[in-house]
Amino acid sequence: MRVDLNCDMGESFGRWELGADAAIMPHISSANIACGAHAGDPKAMRATLRLARQHGVACGAHPGFADRAGFGRREIPTTPAEAGDLLLCQLGALHAIAMSEGVRLAHVKAHGALYNMAARDRALADAIASAVAAFDRSLTFFGLAGSVMLDAGRRAGLTVAAEGFADRAYEPDGALTPRSVAGSVIDDVDVVVARAVTMVREKRVRARNGADIRLDVDTLCVHGDTPGAERLAAALRAGLEHAGVRVSAFAKASAPGAGSEP
Amino acid sequence: MRVDLNCDMGESFGRWELGADAAIMPHISSANIACGAHAGDPKAMRATLRLARQHGVACGAHPGFADRAGFGRREIPTTPAEAGDLLLCQLGALHAIAMSEGVRLAHVKAHGALYNMAARDRALADAIASAVAAFDRSLTFFGLAGSVMLDAGRRAGLTVAAEGFADRAYEPDGALTPRSVAGSVIDDVDVVVARAVTMVREKRVRARNGADIRLDVDTLCVHGDTPGAERLAAALRAGLEHAGVRVSAFAKASAPGAGSEP
Amino acid sequence: MRVDLNCDMGESFGRWELGADAAIMPHISSANIACGAHAGDPKAMRATLRLARQHGVACGAHPGFADRAGFGRREIPTTPAEAGDLLLCQLGALHAIAMSEGVRLAHVKAHGALYNMAARDRALADAIASAVAAFDRSLTFFGLAGSVMLDAGRRAGLTVAAEGFADRAYEPDGALTPRSVAGSVIDDVDVVVARAVTMVREKRVRARNGADIRLDVDTLCVHGDTPGAERLAAALRAGLEHAGVRVSAFAKASAPGAGSEP
Amino acid sequence: MRVDLNCDMGESFGRWELGADAAIMPHISSANIACGAHAGDPKAMRATLRLARQHGVACGAHPGFADRAGFGRREIPTTPAEAGDLLLCQLGALHAIAMSEGVRLAHVKAHGALYNMAARDRALADAIASAVAAFDRSLTFFGLAGSVMLDAGRRAGLTVAAEGFADRAYEPDGALTPRSVAGSVIDDVDVVVARAVTMVREKRVRARNGADIRLDVDTLCVHGDTPGAERLAAALRAGLEHAGVRVSAFAKASAPGAGSEP
C-alpha cells in the first residue's frame, strides 16, 4: 500500500519569498514547481529543482494562469486552445531549466483556477492533457480524483494520477468545497492525517454532509503556502507510514533520451 | 556563394499587432521568433511557427529581456546567471509550442539589449551560449560578426553564425553605431542592398568614418518592424540573387530525436 | 437636440501602436483615455491628453482590468472593493499626468469587461461609482443606457451619462449582444449612422428580434480600434449634424480648484 | 533637536507578504508607501494608509521603476521625461486611494534604483522634482543628503528633506557605499543607533575610509524589509529620544483643498 505526497513549490518571486520549501521537501515525494506565470521565476525554478534532486523528490511542472496579482487563483475566461498554449509555454520553460540541471520532469499538475476549471470542463481538460502529450507522452498527468481530468489524460495517452486533498472538505459529488465556504479548509493536523489514512487505506472520504464517498487516490496534496505546512507535511508522512502506507513518487521521470520527442 | 536572411518575427502581443510577418516570410530563410518576454505571446508563437513552416523558413528562438514596456531594448543590469536562465525559459517555451506543431528549432538569436550587451560582454555571451548548449547542442548560435558572441558560442560547443546588418551603420571597430546616433539606420533600399551584396561577396563593409572594415557574415538581418520592411526584404533577396548569392537558411534543425538531450 | 460622441483612445503600449487617434479626434467630443492597465502607458496618456486639448475634446479616464494580455476584455472575477481600488489607481494615474498638462478630467468610463460586468452587477457598479465619487464628485460617470450603472452613479452623487452603441446589436432587454454572437457588430457605416440618428432623435433602437426598444442616450460610442474607425467617426458626426443633432461633450471638466477634494 | 524616521512600507504584492509594517509603524514618523510599480498593490496601499493614519504617521509616495521582478533595484535606462511620467502615475495612484481614505500625502521619496540614479544625475533629479511640483507643490521631496536631488527639489519650488542612512556605509564623497561592497550594510543595532545619534546631533558621519564627513539630515531611513527591522526601528527611536532628539514627521500634509491644484 503506497501513496504519493505532492506539494506546490517554488512560489517565490523576485524579492518575495513564499513557502517553506526547504522544510517541506524532506517529507514529500513529488514537487509541483511553479513555472513563472502565476508564481515563481527562473531563479526559484532552478533552486527548487536542485532542492528536489537533493531529496530524491520527483519534479513536475505546475502551470497556472499568467496572473501574478491573483496568484493564479482567479478563473480567467480562456479557450481550450489558449489553455493548452499557456501550459506548453510554462512546461517548456521549466523543462529547459531542468535540462540545464540534468533533471527530467516526471509530471504535470495544473495550478489553482486552471486546475479547478479543468476539473469541471472536459474541453479544457482535453486541451491541457493534449498539450502535455504533445510535449512529452511520458509525463504523468495529475488531476482531481473522480473528475474529467483523468479521462482527458487517459484519452490523450498519458498516465494519470488521481489526486486527493486530505485538508479540504468534499462535496457529496466528489468536488472540493470552494474555499469561500466556511470549513472548506481543515486546519486540525490530526484530522487531516486521519482523513489521509482513510483515503489511502479505505478509498473513501467523508463529505461535508456526513456521507462517505468513494475516492481512489494515487497522490495526496500538501498545501505548502499555509503557516505550519512543514509540520503538516511531516505529520502526514509519519501518520501514513505508521498506518503501513509507503510514501513514494507516483510518477517516474523517463530515462534521458526517451519519450520526449513528438 | 550563399547567405542567410533572418528577420525578427512574431512580435505581436494580444490585441497589438506588429510587423508584416506574412509579407516578409516569403523572402527570408530564417525567422527569429519572439518568445513572449519582450514581445510575442503563445498565440503569436504558434502562428509564426506555422507561417515559417509553410514557407520552408528555419525557425529560431529570439529571447530578450522580460521587458514589454521597453520592447527588450533597454539595457537592464543582469548577471550572467540571470541572463542564462532568462534565455532558457524563453527557448523552452518556444520549443514546447514548436513540438506541438511538429517544428524543430534551428537557431537562437538574442534580442535587442540582450544581444547588444552580449556582443560587448564576454561573461554574458558565455552565459547565454552555455544556456543554449545545455538545452540543445545542435542549435546554431547567432551573434554579431566580429564580436565575442561568436567565440562564446564556439567555446560552448555550438555552431555559430556571424550576423551582419546591411541597414545599420558600423563603427570602425566593427560595432554597430548606436540607434541614438543620426544616420545609424540606413533607409535607402538601394544603399542597403548594395551594402548587403558587398558584405557577402567582398566580406567587407564601409564604416561610418569611410574606412572599409572586414566583415565575414553568415546571415544578414532584415528589421521587420519598420515601415516598408517587406519591400526591403524583397529587394534584399532579389538584389542578392541577382548578384549571384543564393539565399538559404544557415542553420538546419536537427532530425527529431537528435541532439536535444543533455 | 445634441449628443456626445465618445471614443476609446490612447491604447498604444510601448512599441505597439493601436488606434487612429489623430484621425478620429477631430470628429469626437469626448476621449476615454486608457490608464496603463489594460492598455496605454504614461507616454500614450500624455500624447492623448495633448491631442484632445488641441481639438477641444473632453478628456476622461478609461480604466479597465489590469490585463494587457486580454486587453481588459476578459471577465476576471473581482470583488467590488477590488474593482473600486482598480479604478482609483488608474483614475489617479491619468489625473496626475493631466495635472502636469494643465488638463482636468471630465468623465470616467469603465472599459471592456469591467464595463460589461458593472452593467449587470449592481454591487460592482456601486463600487466603481463610489470610487469615482470619492475621488472627485464633479466627474461624470458614463454607463450603459438602461443599466444599473446609471442608478449606481446617481446614488453615488454623480452626474451620469447614458451611453448607446450605434454599431452594436441590442438584445430585447436593452443589453448589448455579446461579441461572440454573429451580427453583434454592425459594419455598414450607413446603417450605423442611421441607427445613431434614430437613437438620438427618436430615443429608440431596433433590437435583434426586430422589436423597437426605448433608449435614452447622452453619449454615443465610436469604437476606435477597428479598421476604418476614422471614416465611421467622420460619418457619424456628419450624419448626426445633417440630421440636426449638435455634437458636443456631455461632461464638462470643473474649473481648477473646484470639486476635486473629498 | 528633532529628526524624522521614515520607512518603506506597503511592499506586499498579492499573495506575497513583505515587511513587518504593523510592528514598525509605531516607531516611525513617516511611511513611504509603495505605489504598485516595483512593489505594492491597491490593497496594500489602502491597508498601509490606514495603518499609518492609525499611528499618526505621515504618508508619502514611494515610486520606483515598474519592475516587480527586480523590486525596482535595477537601474533601467530612462529618460528624464519617462522618469517624470513614471513618478506621476504612481503618485497619482496612491493619491487617489488616499483621497478615498481621507488621507492626504505629505511627501514623495523615490525608491531604489530611481533614487540612486536621481542622486547622481541632475537631469533625472530635476525631472522627478518637477513632476512632483506639477502635481502638488505642497509635497515635501525627500533626497539623499548632499546630493543633487535636494537642489533639484528646491529649484522646482518644493520643500526638501535631506535623508541619511544610519545603517549604510558612506563613501568619503557622501555617496552611499553600493550594496555589492562588503560592509555596505551595518547590521549591529548599537552601531546603527550610535551613528544615527551622531548624524542628528553632530551633523556628521564617519565614512568608510575613517574620515568624518559633514551630513545635515532631516530624516533617517529605516529599512523595513530586513529581518529584525522592527527591533531596529524601536532601538533607533529609543536611542534618539534617549539622546534628547525628538522624533516627528518632517513633512506635514497640507490641509484639504490647499495646494493640490495646478
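Going by the order they are written in, the chains are A, B, C and D; count residues from 1 in each one.
The criterion applied here is as follows: contacts are C-beta pairs under 8 Å (C-beta built on N, C-alpha and C of every residue); 3 or more make two chains touch, one makes a residue touch a chain.
Every value quoted in this text rests on a predicted model; they were computed, and no experiment measured them.
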B-D or A-D, whichever has more C-beta pairs in contact: A-D
Whole-Å separation of chain centres (CA-atom averages), subunit B against subunit D: 43
Inter-chain centre distance, subunit A versus subunit B - centres from mean C-alpha coordinates, in Å: 38
CA centroid of subunit A to CA centroid of subunit D, Å: 42
Residues within subunit A bordering two or more other chains: 69-70
Pairwise touch network: line, ring, star, complete, or other: complete
Subunit C residues within the subunit A interface of the complex: 66-67, 69-70, 74-78
Subunit B to subunit A touching residues, read off their complex: 36, 42-43, 45-46, 82, 84-86, 88-97, 99-100, 102, 131, 134-135, 256-257, 260-262
Subunit A-touching residues of subunit D, taken from the complex the two chains share: 11, 13-18, 39, 41, 68-71, 225
